Amino acid sequence: MKVSARNVLKGTVKTILVGAVNTEITLEVAPGLEVVAVITKSSSEQLALAEGKEAYAVIKSSDVMIAVD
Amino acid sequence: MKVSARNVLKGTVKTILVGAVNTEITLEVAPGLEVVAVITKSSSEQLALAEGKEAYAVIKSSDVMIAVD
Amino acid sequence: MKVSARNVLKGTVKTILVGAVNTEITLEVAPGLEVVAVITKSSSEQLALAEGKEAYAVIKSSDVMIAVD
Amino acid sequence: MKVSARNVLKGTVKTILVGAVNTEITLEVAPGLEVVAVITKSSSEQLALAEGKEAYAVIKSSDVMIAVD
Amino acid sequence: MKVSARNVLKGTVKTILVGAVNTEITLEVAPGLEVVAVITKSSSEQLALAEGKEAYAVIKSSDVMIAVD
Amino acid sequence: MKVSARNVLKGTVKTILVGAVNTEITLEVAPGLEVVAVITKSSSEQLALAEGKEAYAVIKSSDVMIAVD
């Protein structure tokens, strides 16, 4: 499946923090560059996410803000 | 200002596409790794964004999905 | 690619409205049931969306609200 | 109240999963077609959601992505 | 219709900026306190929004970030 | 850091509800006007949020809907 989200960043699962409804996933998408996602616990289980596994961070461009110093 | 968004990725503005209401900004956040944002035209002007300028992509973790092959 | 978004609704593209930055896509996901998406014009072109084509509406569960009468 | 969200899908509450802060609600919006929402536990209680109750999934069009096979 | 979004701020439409797909609406929700929304042009027309009209800004709590100085 | 989000509402933290992954924060942004945010527990801790502390609600304009009676 090819999705319209403009941002698809390949990485490796670093940590997984599990709650009752949601799970927090940290991916390393470039050396020293991490992206954090909060998805449902159910999704995390369906994708069989585990530390060290390869995965993608997928982000719709309308959800990205820009900041400057 | 320090914001709660877990993802703050430093980069350089590569391209700017201006519409009537929205503007699309492409940042390079690591060598060969780009992130696309759609923000309002007004915001883009207030931040004085321009190609080559340093900026950050800011993304709330609840807006990040995970995918696997 | 398998994505963590819990909502993946199969449908048929009914209409496409193109702007400078964004494009509005209407999918029929069940008889008489339509879902409207706003994605970037660039994404719409990359997916080669066209009226009558089969496609999916993909929605992260944290972006869904509930209402009652 | 009439809301600007383009997607208002009428359905029936199938399941409710309660966490400390968030609650996951599954609605059936057409025969065999389910939509999952994550809302705050407090909202779920204020709406008095319960299995079998009629409710709507409300989704802003800018939160809908499109995918193709 | 009563919606699960925790933030429903009553205000008055100050300005409307119309694009091809999207429209930007500015509401004053308290004296000197404005909230800006980007919704589809079609939604804006369906709600018959106009300067001076009373309206609500509706925001899902998972879309609100917190910042500190 | 100056962020592209159009809505930056200054307020005072009223309540904090902590879950396993997420935390719900209520800010008073004008007399009698509250805004609720759900952010990660980790972000809340990093910002050292506490009741009575001054903070900002930050909201991207594409995440704001409009409603009318």
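General observations
Per-chain numbering from 1; labels A, B, C, D, E and F assigned in written order.
Operating definition for what follows: contacts are C-beta pairs under 8 Å (C-beta built on N, C-alpha and C of every residue); 3 or more make two chains touch, one makes a residue touch a chain.
Everything numeric here is computed off the predicted structure, so don't read it as measured data.
Steps from chain A to chain E, taking the shortest chain of touch contacts, total 2. Counted by residue number, the contact pairs of A-F are over half the same as those of B-C, the matching pair from B-C, B-F or C-D. With centres taken as mean Cα positions, chain B sits 17 Å from chain A. Centroid to centroid, with C-alpha atoms defining each point, chain A and chain D lie 23 Å apart.
Between the Cα centres of chain C and chain F there is a gap of 29 Å. Among all residues of chain C, those that touch two or more other chains are 1-6, 8, 19-22, 24, 36-40, 42-44, 47, 56, 58, 60-63, 65-69.
Chain pairs recorded as touching, per the definition above, are A-B, A-C, A-D, A-F, B-C, B-E, B-F, C-D, C-E, D-E, D-F, E-F.
For chain D in complex with chain C, the touching residues are 3, 5-9, 24-25, 27, 29-31, 33, 35-39, 43-44, 47-49, 53-69. Listed in rising order, the residues of chain B touching chain F in the complex are 1-6, 8, 37-40, 42-44, 46-47, 56, 58, 60-62. Of all the residues in chain B, the ones that touch chain E in their complex are 1-5, 19-22, 40, 42, 60, 62. Those residues of chain C lying in contact with chain E across their complex are 17-24, 36, 38, 62-63, 65-69.
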